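By letter and in written order, the chains are A, B, C and D; residue numbering begins at 1 in each of them.
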Amino acid sequence: MEDTYRLVISCPDQVGIVAKVSSFVSSYQGWIVEASHHADRMTGWFFMRNEIKVSSLPVGLEEFKAAFAPIADEYGMQWHMTDSRAPKRVVLMCSKESHCVADLLHRWHSGELSANIVAVISNHEDMRRMVEWHEIPYHHVPVNRENKQAAFDTMQELFERYRADVIVLARYMQILPPAVCQAYAGRAINIHHSFLPSFAGAKPYHKAYERGVKLIGATCHYVTEDLDEGPIIEQDVIRVSHSDNINDLIRLGKDVEKAALARGLRYHLEDRVLVHGNKTVVFG
Amino acid sequence: MEDTYRLVISCPDQVGIVAKVSSFVSSYQGWIVEASHHADRMTGWFFMRNEIKVSSLPVGLEEFKAAFAPIADEYGMQWHMTDSRAPKRVVLMCSKESHCVADLLHRWHSGELSANIVAVISNHEDMRRMVEWHEIPYHHVPVNRENKQAAFDTMQELFERYRADVIVLARYMQILPPAVCQAYAGRAINIHHSFLPSFAGAKPYHKAYERGVKLIGATCHYVTEDLDEGPIIEQDVIRVSHSDNINDLIRLGKDVEKAALARGLRYHLEDRVLVHGNKTVVFG
Amino acid sequence: MEDTYRLVISCPDQVGIVAKVSSFVSSYQGWIVEASHHADRMTGWFFMRNEIKVSSLPVGLEEFKAAFAPIADEYGMQWHMTDSRAPKRVVLMCSKESHCVADLLHRWHSGELSANIVAVISNHEDMRRMVEWHEIPYHHVPVNRENKQAAFDTMQELFERYRADVIVLARYMQILPPAVCQAYAGRAINIHHSFLPSFAGAKPYHKAYERGVKLIGATCHYVTEDLDEGPIIEQDVIRVSHSDNINDLIRLGKDVEKAALARGLRYHLEDRVLVHGNKTVVFG
Amino acid sequence: MEDTYRLVISCPDQVGIVAKVSSFVSSYQGWIVEASHHADRMTGWFFMRNEIKVSSLPVGLEEFKAAFAPIADEYGMQWHMTDSRAPKRVVLMCSKESHCVADLLHRWHSGELSANIVAVISNHEDMRRMVEWHEIPYHHVPVNRENKQAAFDTMQELFERYRADVIVLARYMQILPPAVCQAYAGRAINIHHSFLPSFAGAKPYHKAYERGVKLIGATCHYVTEDLDEGPIIEQDVIRVSHSDNINDLIRLGKDVEKAALARGLRYHLEDRVLVHGNKTVVFG
């Protein structure tokens, strides 16, 4: 992967946006190595993502951003520009299920994940040894009915101390308080172990088993205050049959959870996800 | 495909069922060309399907059934034995969407579907020409608020006149009355254009679009009095993205509907589906 | 679907192409409803497809093309611009297997396929009645060892008479002569009943069965003089098991063939496929 | 999972096998919790697998086997009976790619894999730390042109020292010598990073990229002397597009390799795979 700036834009659709933006980039001799557009006809909204080769530009990120700002103002753009050389800082949160955490840690360890996993927070001690082997700090923050507020205060301190860009709930079985959901809107990612909107809430595999579905799934989505209702980033499914009992569903589901979370997180880390209302545009 | 008798059994699980049944078959020199078993540990129920080569048996179906009856009694079996040479009689029901009907008609016409499609009933005239080309009678039975009871009486007469073994709602957009649901319990098959239990009821593609799911699906299930709540036979999904609008979902969904219905119906026609409670065992 | 002009471009990559093209479109107040780009880093080649709303332009297709030509020259572009209101003229070719033809005919009949199927050519009479029901001319052109050249001359006359834009080999089991392959390079589409490059040539399902693969597939590709070696447009697979015999593979494979051919053809008809060397860029 | 004996049989097909075997089991009050049969019509061969609850039997494994032996003789059976409480001993072999090893180690560590991973052998040192964290012995056995025979002698000593039941080549990039292939026929499992028979041999992702396929895959198969030609246990694929370069294929392929290997190995560990000629029956 080469070094790029990622320019991500959403704004009301109108004639000439692509011309304006690409002419701007081209006026700096910027080399666009990947470009994606989407015009949503239902909402009249336009979405755009450009990856521009760093080495092709005669100016740095801040100067480039400053030069672009007037265009953004003119078109009423929500936008950001990021540097692929500055990987996002990720805080993982987990409970007792290890498969998603182990999967992400290995992807990170083997260089597949363009992010820094800066800390892991858990309400249990179970995964300390695995996490510390990766030389990542592990924080045990137990949560129970009595200490809930204090526990979440501690977490928020940790998010700030580690300057978290992204929070990943890797099968973290606690509900984040509204303040955290708001503070990290569009930056907190959950993996839910069902094909949403089916089987939101607790024990989705048990519900899937009861209903007798022939496929089970997993959903990677942004966390919002409404449980399992946030914008969906990625989903996947796997076939099951009458011969699979609940433990089989749980086992088979793990692989789907890992895959959906890894893909969804990757999209986020590479600034490929644009949230609009309760939906996402994913330039995969 | 060779000619077989299909012996389909469900009963409380206990030691020795397979031995008993297979010894019975073997005592007639019956050649079992396909055998499937399932023991459901949660409910303590046992399911079994055997295909026995007709030519290997010295007796006919009725005599064979009579000989088996005492074993069925002894083990408290629900069972039936069918002859693969006697294809089931299918009545198709449709509205204006042609894709499922056209797909099933072609499978039938090309000899892929081991069934007789004996009639098509529709609340519209749209598909008469296509159906009649296949030399299948077409009955236009309009349904509206005023004539509902009369219309369903007409249908039930048609079901009886055509001695329907199976009723297939191939995107028939009317709800069958409870009496029909009961009379054809386990023999009336619907294709719903969503991955149930998500998006039950009307306009599932619109709901899927609103929710921003990344996969859409279809569900083939037995009709019960509770709309879209019956035992699921088969499901399938297809990937969609932000660039797909509602018309795209509808178009992409058609292929999934056709596939799920064709597979589910095939399972039913070959006596591969055993209903237990609100779930199915499918010996695919 | 709204009316659009489709501008499809491939050329050596360089800075400023998107800016140039989009500024050109924008200078006419052209509204780009869909835009896709791809820069191939290995070959240094750039690919682009824009859909521009007809009603947004003050000029017609020919004038718009004439105005664009100098830009195309400047950048060394291979390009074409088509009008979505002028559906391509398709000639289907088939032998005895009906599933792909029936599938395409129904998609066409129900308005899903944005093309005119102007004729069907077959070396057998089997599908005449089905085709003629659709009010499409059917030409029986038998091919055998003796008459090969004459038969292909007849076909080429038919292609010309019907002004075919696209030739679709819908399980047409004859090999087209080099002259036809060349004349219709990038416009003749075949469906091969295997996951190429596995099992090229005759009897792929038999070969798949022999090898014991756990998935079978189908490949939609452009026809070239090298049998089953042309640029791949679309592929798909389906799971099989030890319990599926050759007839099962053939039956299961049909659904995959239909799906891969319908998708691949759709991409072609909408000018979404750009051939480069022996590979394709598909802006799906 | 409950404790079971697994009785796995293959023999020439004839009337009465199921009756014979199930009557035998039933005569001991053996409770069959899972039963699978397959009759291969092409070869006239019969395959069978029964899982019998240990606690339902009044005798131990050896006595049960001894009692069954005469039946096996009578029907010319190839058979074995294993105890689910005696997990197989697995030796992993790897080179520098860590994803398959890390995946299997985590499955083992989290209790998902019913096996003992007793040692890891590699021609590189790279994975020593990861393996030793799991408290599994790691043996570095470099292989080069000069020491090949000596190296493989060392390996065979290790296989024997660890009493390996299964050898898993988890992206081990060396070819095993014929003697090892023969000694571990049906017990050495490889994951090949292509959808075989496409792209056998070296650099399959490069070949897939060159050919422009639209899906890439992985194949889990038994090792034989003919490279990548052994009986296939499991395969899987993932969709790719023109925008994926070779590194993308390699990255996407890793997830498919992990999945296909984990599933294939699981089938083997649970005695669900029966090899016949160069094909497998997999009672999944």
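Definition applied: a residue touches a chain if its C-beta (ideal position, glycine included) is under 8 Å from a C-beta of that chain, and two chains touch if they have at least 3 such contacts.
Just so we're clear, the structure is a prediction, and the values are computed from it rather than from any experiment.
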Both-way neighbours, i.e. chains that touch chain D and touch chain C: A, B
Longest centre-to-centre distance from chain C, chain (CA-based): D
Pair exhibiting more inter-chain C-beta contacts, B-D or B-C: B-D
Euclidean distance of C-alpha centroids - chain B vs chain C, Å: 36
Whole-Å gap separating chain A and chain B, where each centre is the average of the chain's CA atoms: 41
Per-residue overlap in chain B, given as positions that touch at least 2 other chains: 34, 41, 243
Residues of chain B touching chain D in the complex: 15-16, 18-20, 22-23, 25-26, 29-37, 39, 41, 56
Residues of chain D touching chain A in the complex: 1, 34, 98-99, 102-103, 106, 110, 112, 133, 243, 247, 251, 254-255, 259, 262
Sites on chain C touched by chain D in the complex: 38, 40-42, 47, 195-199, 211-215, 217, 231-237, 241-243, 245, 278-282, 284
